[in-house]
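The structures come next, written out as structure tokens.
Note that subunit A is present in both complexes that follow, paired respectively with subunit B and with subunit C.
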Partner chain A sequence: MTARSLKMPGAHMSALIPLLAVLAAFAVGLLLIVATGASLGQALSAFSQGAFGSSYAISVSLNRATVYALVGIGFVLSARAGLTNVGGEGQIAMGGIAATAVALQPGIADLPLGLAVIIPVLAACLAGGLWGGLAGFLKVRAGTNEVISTLLLSFIAIWLVYWCVQSVDLLRQPMSSGTTLPESSTVPESTMLPLLTGSYASPVTVGVVIAVVLALVAAVVLSRSTFGFDLRFVGLNPVAAARAGIPVERMTILALFLAGALGGLAGAAMLLGEQHSLKTGFSSGYGFDGLVVGLLARGRISGVIAGALLFGFLRSGGITMEMAAGVPTALVQVVQGLIVVAIAGAAYWMDRRPG
Partner chain B sequence: MTEELFAVFIASTIRLATPLLLAAIGELLSEKAGVLNMSIEGMMLTGAFAAATGAALSGSPMIGLVCGMVAVIPLSLLQAFLTNTLRANQIVTGLGINILVLGGTTLGYRELFGARSREVIPGFDKWDPPLLGDIPVVGETIFEQVWLVYLTLPVALLAWYVLTRTGLGVAIKAAGAAPRTVQNSGLSVTLIRYGVTLVTGLLAALGGIFLSIGDIHTFTEGMTNGAGYLAIAAVIFGNWRLGQTIIACLVFGAATALQFQLPALGINAPNALLIMMPYLLAFIAVSGLVGRQSAPKTLAQPYWPR
Partner chain C sequence: MTVGIAPEAAAPAGMTGGRAPEGDMSVGARFAMQGVGKRFGSFDALADVSIAFHGGEVHCLLGENGAGKSTLCNMIFGVHRPSAGSMQLEGAAYAPDGPRDALEQGIAMVHQHFSLVNELTVVDNLLLGRTLGRVDRTAYAARMAELSELYGLALEPYRTVGDLSIGERQRVEIVKCLMLEPTLLILDEPTAVLLPDEIKALMETCSRVAAQGTAVVLVTHKLAEIKQVAHRVSVLRAGRIVTTSDNAADDIDRLVGAMIGRDALAEGEAIPGLSAAPRQSAKSRAAAQATGDLALMVDGVSFADATGAKRLDNVTLTVRPGEIVGIAGVEGNGQSELGAILAGLARPSAGRWFAGNSELTQASPKQITAAGVGIVPEDRHLVAAADDMTLAETILNNRMRLHARFGLIDRRSVTREAEGLIDRFDIRTAGSDVRFGSLSGGNQQKAVLARELTMPGLRFLLAAQPTRGLDVGAVAAVYGLIRDACTQGAGVLLISSELDEILAVADRVLVIYRGGIVNERPADPAHKEAIGAMMAGQKP
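What follows is the complex of A and B.
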């Protein structure tokens, strides 16, 4: 991402065009539902049931949006420093591995004062952060393009999860019989993220609150703090930033570390909040969806929240639509792809042309 | 390893490397001109799906091949239009197109073939090359391949010739290294980048076509399963050089072949390590541990003419 895309266009244009893109993509989605021969009313009612039809559905959508938001905030943060973090998927995966490994350590579950949850979560942040920071380190050391390194690190992490749950020496649950599934043991109850409502009927976790708080913190830090200013300076002109005494290399590593830590946190939220045991492909698509949310937010935290909610509810609704109305959830993918392509293309009219 | 098993290993390495080779040669041309074409995954999937559909409806794999090649053209034009004319972020458009194609082909497949059917689709038969096929043991195992496998040779040679021996090759490389200079010399960077994106699309589609109607004679949802990203990794591991990229594809093909062969030999290597190997190798290559990397200077940057 170049400095060009960090320029802020007029507020009305930058809100209107994405809205139009989303509406147009929805219109295509409706046409496709009709084309598949399904009943439009039935499909739509199934979609809304799955997205926000019950407190359970809303909870699931919000938990999903939390993951997208955390990855998206990290993306925007590193983008301020001129860095494109494509590694959300891998950072989630590393967070998931670390959270599981630490939560399953003997003694952790018995810790008082909520430490039983906090320590695995922090471990996940650290693991994701190191995975992101590694890309930053290579960037300053060897000049490695972070787009390439974070992408490759994602694939490596995805297969590390596979390795962890395939091998009994790593995280695979003890083999009691030949049919034991290749996944980790379930994490102890005391290490699971607490539910906001306390009831599994609406399993929205404290992760949502954490994401909202972090979004506010990120928005303030980026726009009002010296750190936020320095980040932007590094992104806009690293040479001048170095002249001005900003430690550019350290900022580069730190920015990617923070983005990775947020991805790791997202992984912990998924694992300790919803899934409770590590499985192959548990992060499937979440990181890339979160990346898209971050990209489409065009540098604004408010945009991240909007995009995270949109994609969170879209995906949840799509899954129910397939189950209840027989409309393949692939249709939601089509709509999502169209939104991405349309907004990416529309950036042409939203950015000011360079002089 | 017996002679026969070794021959099987070589044969499956070549077969598994073929779609990667076709796609990676295309991707290399794109990246040389400064276009990081992430949509190559979607382009392969489009080729695979359209070829399977065409072959199933017409009964002829050749018509399927034509369908696959034609179907990818609008997709390539979309990618080129977004990134060159609208100067959209190449990574976003690539990921967006990949999501779109994955959804679109899955939807199309369910509509046309019914959910999760594994219907056999008319595909290309293996071709027994004269002379080579007559070599005992090895001949039949290694050289009896679908003709698309042999197509990679002229494609690679042509790419080598264009890149190193023609003015067009110089222009392509300059579009990635110094686009301003290209414009000053009176050529259009936009036109060059449109061109390479189209060629990449056709080559990627060929790779996808090989997967569906060349190799397994059926289509499955999302059947490329990351082969496009693997092709990108091959270009990186190949340090943006043609010869090394080809070697990278063969190494990746061998790693995949080993996943199936090691257990047969009674060797207990972690499967995950072999699957991860291509990405790990590419990562080690870009991490600066072994020699300098020479990515095209303006890779993934849109060009704004003055």
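What follows is the complex of A and C.
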């Protein structure tokens, strides 16, 4: 009895294991830096400079973390209903298209009371939500596995962005000369996400606040609300959930809609907060990284926040490291991959031991 | 110790008499076992079984659900190892390492559940795992044609298994076994899923296989089949061979009696623990039977499954308030489908059904619950609960909203109601927040009853196999609760494959066979034999 309870992972273990996994992955990362022949000190100072060396660096890292957190929260929500949403990338793209299209509509920019921002943001949520909900609908109607459908819908969305910015009939900026770029016009200033500091020297947007609020809301909804209970019931046993009167099909669609809406919101945060115009490849892998954040969180919103911050700072640091110290930024992705493998492996090991 | 059955009482010395398989019977036998027992935990699935199978014979194994038939077959096929006793194949000691070893030694088995790859053709299924290097489909197809001809197993080699009927798939399974030229072929309840003419063809095949010198073991519930093909019949009850006959056709009555334990058991004793819950007096029951609406009316309900096979055929039945109606039948005769329809998890393909005066034919589970219908499903892990939820969540899983304000659940209120019900229904647990799946079967069932019986306005309760897997004390408690619901005016439909249980608890008995209600009898031990025979397919 005692021997067994000693092996049971407690709450502190479930936080400790991911931490150790991250440290181990970092250690391997350091070895790899040395192996590339770069100076370790130089690389590390460049990394920390890029990640948190200035208020600008911190702002950029936080903006990245916001995107990861929103996608990760959506992943955890749908995972509670037993669904795996791997379509964050496409949902971001749909959100970006919708935010751009609505923000560029004549009249939107002149709306009062912040509506000039709120309406494009809500449009982005709706577009991402419909993209996710479509996968839910396919699952309910035709039994299509949502892993496949959300992934394939992502590819469609990514190419929709391409089409939108290539065609003047859609979102491509007006052809004024032969050198017009395949991208949309810049959205009006009044539709951009406000900066928390009000200064471009530290361009962290209100998106960070929105993400934190949504994380708190999601945590409460998942752990305390009847909606969270129903989601969990559907995930644990859909047949028994149906018997208990829960509309399983509606919950399935709704769960993926919400995950998609959060992805769409992430897209709006990227577009209206940082990029300000739609370009090809604008989602640039954030959806897939957000998916990884969601996976690593193992169902916990606190885990999403931790993962989002980690990945946000890693990415920013990595980019500076490449520019300043000549260490390829791909190395950061290697470290990210190692973190995933280490945490997943540790989790597998922890789950097995008590049995 | 054992569950719902009393093995000692079930095998009185007089029953086996001179027909017991003695040592000399195994002389010259293809396969024999002596004194074999199999224990799962504290449960004796088989005890002191001695039996012999001879080449050229079809040997039928007859017995109720849980009598140990499948355990016996799985032991011969190497899935389980005996806890006691010995086995011989062709006179030499036989102790297979596993199914592969059994196959190599010439023993093949057709399982209840097919092990075919639906996406592949018949021939590809046959050579799956049996071929190395070059795949010679033509040779296999030729060999298959040969076997098909010899044993009357019509099959087209290049059709996809997924397109075949159940009967055809089973033929593929049998051909797969016969390709190995087994000396002993076991068929575990092969006819449970077949249509009448498919059964006839299968029986013909069994006879032909035996005629080639193979020993055939056929597990079945169905008397007609036994009459048709059996050279020898052994009856298993509660893990023991209670009788063996080599003249099945003349011995049917005696065999049925042995199967259901007729002579040994009086009502009430048949299920230890039931006597602890005193049977309601006829008077109080009559008082409870209000004159108003029926608790349940099922009117001409049919149900066809995804393959189009009719699982329920024009079922009509009524349950009055305060009445317990038993449905007796061997599993797989439509009980699960009826249960699914009453739970709102399936829709009838024809007919209608009502609880009280509300028609519920197309109703959702929520509407069915609201109409006062409680369901104790046969598979509680699939339908009644999620194992990973807490006990409190499980007890209240259909009424969480009553404990919520603005969508947020008041945990204290949940715990309070759950703990009240845990006390009232005597659920033995360390607390209301333990994992449901960690409770014993009896306590799980009490939790399900606690939920279903405390719905406001309960007028009908379906109890499907409510005591399966429960220990003696829990069985008594479950029936006590069901009877209480009855006294309070609810009508109860009790589906069970244990006839003793139905006779002890119900007021009247409907017999279900192949999806239809074939007869009604009073729940009187005097009718036990007739009911047993009808369960096995004899015409009323």
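Assume the second predicted complex is superposed on the first by the 341 of 355 C-alpha atoms of A that agree within 3 Å, B and C clash if a C-alpha of one lies under 4 Å from a C-alpha of the other, contacts with A are read in each partner's own complex, and residues count from 1 in each chain.
Criterion: contacts are C-beta pairs under 8 Å (C-beta built on N, C-alpha and C of every residue); 3 or more make two chains touch, one makes a residue touch a chain.
Note that the structure is predicted; figures quoted are calculated from it, not measured.
Engineer: Please indicate which partner A:308 is in contact with in the superposed arrangement: first for subunit B, second for subunit C, both, or neither.
Structural biologist: neither
Engineer: Mind telling me which of the two, subunit B or subunit C, contacts the most residues of subunit A?
Structural biologist: The larger set of subunit A residues in touch belongs to B.
Engineer: Thinking of the overlay built on chain A, is A:340 touched by subunit B (first), by subunit C (second), by both, or by neither?
Structural biologist: first
Engineer: Which of the two partners, first being subunit B and second being subunit C, lies in contact with A:245: first, second, both, or neither?
Structural biologist: Only subunit C is touched by A:245; subunit B is not.
Engineer: Looking at A:237, would you say it contacts subunit B, subunit C, both, or neither? Reply first, second, both or neither.
Structural biologist: Touch status of A:237: second partner only.
Engineer: Touching A:32 in the superposition: subunit B (first), subunit C (second), both, neither?
Structural biologist: Touch status of A:32: first partner only.
Engineer: Is A:227 in contact with subunit B, with subunit C, with both, or with neither (first, second, both, neither)?
Structural biologist: second
Engineer: Return the residues of subunit A at which the contacts from subunit B and from subunit C coincide.
Structural biologist: none
Engineer: Per the contact definition, I'd like the list of subunit A residues that touch subunit C in the complex.
Structural biologist: Subunit A residues touching subunit C: 220, 224-227, 229-230, 232-233, 236-237, 239-245, 247.
Engineer: Quick check on the complex: what are the subunit B residues that touch subunit A?
Structural biologist: That would be residues 36, 78, 81-82, 86-89, 91-93, 95-104, 106-107, 110-111, 115, 221, 226, 229, 232-233, 236, 270-273, 275-276, 279-280, 282-283, 286-288, 293, 295, 299-301, 304 of subunit B.
Engineer: What residues of subunit A sit close enough to touch subunit B in their complex?
Structural biologist: Those in contact with subunit B are residues 1-2, 5, 32, 36, 84, 86, 138, 141-145, 147-149, 151-153, 155-156, 159-160, 162-163, 166-167, 288, 291-292, 295-296, 328, 330-341, 344-345, 347-348, 353-354.
Engineer: Given the complex with subunit A, which residues does subunit C contribute to the contact?
Structural biologist: Per the stated touch rule, the residues are 343-345, 364-366, 369, 375, 377, 382-389, 393, 397-398, 400-401, 404, 407-409, 411.
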